[in-house]
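Chain IDs A, B and C follow the sequence of writing; residue 1 opens each chain.
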Amino acid sequence: MAFTLREIVARLGGEAVGEVAAPLTGVATLDSAGPSHLTFLANPRYRSRLAGTRAGAVIVGPRDRDAATVPRIVSDNPYAYYAKAVALFHPEAPASPGVHPSAQVDAGAIVDAGAEIGPFVSVGAGSRIGAGVRIGAGCVIGANVTIGERTRLHPRVTVYDGCRLGARCIVHSGAVIGADGFGMAREGERWVKIPQVGAVRIGDDVEIGANTTIDRGALDDTVIEDGVKLDNQIQIGHNVRIGAHTAMAGCAAVAGSTRIGRHCAIGGAARIIGHLTIADHVTISAAAVVTKSITRAGTYAGTLPSAPSREWAKTVARLRSLDRLTKRIRDLEKRLPVKRKR
Amino acid sequence: MAFTLREIVARLGGEAVGEVAAPLTGVATLDSAGPSHLTFLANPRYRSRLAGTRAGAVIVGPRDRDAATVPRIVSDNPYAYYAKAVALFHPEAPASPGVHPSAQVDAGAIVDAGAEIGPFVSVGAGSRIGAGVRIGAGCVIGANVTIGERTRLHPRVTVYDGCRLGARCIVHSGAVIGADGFGMAREGERWVKIPQVGAVRIGDDVEIGANTTIDRGALDDTVIEDGVKLDNQIQIGHNVRIGAHTAMAGCAAVAGSTRIGRHCAIGGAARIIGHLTIADHVTISAAAVVTKSITRAGTYAGTLPSAPSREWAKTVARLRSLDRLTKRIRDLEKRLPVKRKR
Amino acid sequence: MAFTLREIVARLGGEAVGEVAAPLTGVATLDSAGPSHLTFLANPRYRSRLAGTRAGAVIVGPRDRDAATVPRIVSDNPYAYYAKAVALFHPEAPASPGVHPSAQVDAGAIVDAGAEIGPFVSVGAGSRIGAGVRIGAGCVIGANVTIGERTRLHPRVTVYDGCRLGARCIVHSGAVIGADGFGMAREGERWVKIPQVGAVRIGDDVEIGANTTIDRGALDDTVIEDGVKLDNQIQIGHNVRIGAHTAMAGCAAVAGSTRIGRHCAIGGAARIIGHLTIADHVTISAAAVVTKSITRAGTYAGTLPSAPSREWAKTVARLRSLDRLTKRIRDLEKRLPVKRKR
């Protein structure tokens, strides 16, 4: 597959500058691109590398329109343009409609004729699989599950009974949607399980990473709104609600009943405890632990950066000696004559 | 399925107050319950919502016996009562005995006639599957595995060779029981693998969450005692022992050879390093890191709450300036006349 | 299977001292070993237990050559010797060549005649499976995957299209290799997916733990070099490179584009943010968060140990009061007469 700059801007927009008729065969980074590659400059930090690139063409922002001499595409959003250019060179394979002979689809399930069901997949009674859906090898779809049009489940995804996924979602291998939330009541010294009878409701255009787990609700549903992007190994507790277009990086975790707003960005390995409310447009930095509700948009942090071990040991010791330090200050204050004015 | 208050207390105990003959069709939260729903008040924080509920009946504690006007069940433990009421309305489906024709059960395995083996399951030689066991689609049971009566494995669980699960356990999708512990010896600049020849031994009434991993022991076994409840994405290292009725929330991790007592409550994402001993009845708060053995029951914490980024940056800076601060105090102490008495 | 000390040193080296002809049937810990067991003393901390062991023989270092009276093997590296002794008593089962009749191997895949393909495995077009490879039940191997000689995939591993594993690797159940990296561009208030068209390239002798995820690269590959050992539930972001013989303990996570050196030891649950460079021979302690590149070999830490809750609450309060404390010191400095000399 090859495209000229002229063909690319015809499909994706932007302005082509310089040689527009040479064929390009793919997208590559500034450093590794060769003469047949399109590359991109989205982060000004890498601007100096522009001079040295061997790329056949480059996507730049308006500010860099004239910084480059190589053929280029000028776009207001070079990073999004790059995303679309990669998609142009690497189009998603469409569904190959049909149910693999090894799959076990319950007679009471409704599978659209345009859906692709892979080997060793099982689909339970009452489930509805939409048009253009692709379900990879070894997925297990429970009973009464709904999967919207053109959603793709990579291999080995589990969707428990009664959960619903919208259209155009992508779910990566090993994800588990709808396992029981962690609900137990103490009775004496034992735990009584609280049956988890809510489900998981996932909107359209949601992406769910590998081995991520989203628990079903206790009574009401756990809800993932449209356009949410979840990276790998994320844990979403029961009855959580994640607002539309929020993105969470790998290993983040949200405990039960917390509501996260729309357009939030949750850093990798961030931890949000249960029963909180996080406002819209909140950014949480990587590995921070959120213990209180956040009512205002903004950026929140909470991680101590690591340090050489000896230095770190001193930090820990100092922190522990703060009590004594405070006492020494109090002593000094007592020994000083009373201040007259201030 | 519908029950009247009278029928519910006949089965679950407690005292019915008010209208006892109206049919109820399910359990719902205080906020979402309608006239045909039973709801519950377990947390006094939500007491004010009692007045506004549209529920047909409510489970309350003795203190709230007369606070409510709606029909109600009075129980000493309304939360546990709620758990049982949900189970009453949503009884677990029993096993549908039989081996799915697609399953691969080794001729040397012993599967009870009352067990249910789902599609695409494989069971190795020498394994014993008890009565009433349900094994979901795509589970892989190694050789010489024992699974006790009425234990349920949800789809896509792996149990490695030689591991044993007790009765009435619940294991969620994606859990891996008995993978190798992380044991290696250095030899020059390379690692020599230490074969992990212990197994995993799991008691009765244990619940294991989605994508949780429990490693087999190096020489002796990793042991999970009766009634332990593990949430999702928990990692249990080799030769760990977890005492009976301890509960661990999502993403907690326990490194090798640590022993955790009975009746502990380990918060989500808490980390416990290896070779420690944790006493009985210890509570660890969410995201805390435990680096030393804990010999006394009690509550332990260790997380710095996140804050707005600028404020947090100051905290980090101050922490780093503690050395200088200490020096300034020492200077002040030197400059003050020696204290006579105290 | 039984070996005498004489047979063991003939195979594994070292010096046998004392009775060398008695048969030993296995390896056990100092505490649990009986008269037919070989045990080992690798950690001087446990030296006192040597006197009480009932073991038939013990592996010791040169310093303990005469400390023990039981028959013994003297080795410069008793821990590595122990590893090899366990492997002697518990040899890995070789592949049982052949493709299970239930497996789905694409006609365009090349499976070596000496490879073992388990039940419910699918292998895509263009993939090459080497000699002696074992692929466990329910694994999903995409298209154009290469798996080197004698590599073992435990059950339920996913390898996405185009990824390559070297020889003699071990991959545990639930691992996902080659899922999409978390790449998105903002466009207005929505996210545009950046197709991830790099792959994952894994060297020889790599071990990958249960439910670990290694994302494919965005444009270039994610690279795991020879001899790397990854424990369970590790997350490796796209375009990460991990240097040869580095070991990472459970639940560690490395964000995108970070490069980790050779011979590093990354503690459990350590978090390394994206776009960093970590030098060779760096040790990161458990649960530390690395936020900056590390240019020098050494040990780095960053975790505050947990404490009893009330004590911890004080620590947090003191940390927050540092501003006021600093002000009090400044006040004291103002109130003291100017220092003459120092």
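Observations on the structure shown:
The rule is short, and it goes like this: a contact is a pair of C-beta atoms (placed from the backbone, for glycine too) under 8 Å apart; a residue touches a chain by one contact, two chains touch by 3 or more.
Just so it is clear, the model here is predicted, and its values are computed rather than measured.
Bringing chain A onto chain B by least-squares fit of CA atoms involves turning it by 120°, to the nearest 5. At the interface between chain A and chain C, under half of the residue numbers appear on both sides, which makes the contact a different-residue one.
Between chain A and chain C the centroid-to-centroid distance comes to 25 Å (mean Cα coordinates, whole Å).
Counting partner chains per residue, chain B has residues 102, 120, 138, 156, 174, 211, 233, 251, 304-305, 319, 322, 325, 329, 332, 336 touching two or more of them.
Residue ranges on chain A touching chain C, taken from their complex, read 27-29, 32, 42, 77, 79-80, 82-84, 86-87, 89-90, 92, 100, 102, 118-120, 136-138, 154-156, 170, 172-174, 207, 209-211, 227, 229, 231-233, 245, 247, 249-251, 263, 268-269, 286-287, 303-309, 312-313, 316, 319-320, 322-323, 325-326, 329, 332-333, 336-337, 339.
On the chain B side of its complex with chain C, the touching residues are 102, 104, 120, 122, 138, 140, 156, 158, 160, 174, 176, 179-180, 182-187, 189-195, 197, 211, 213, 215, 219-220, 233, 235, 237, 251, 253, 255, 271, 273, 284-285, 288-292, 298-302, 304-305, 314-315, 318-319, 321-322, 325, 328-329, 331-332, 335-336.
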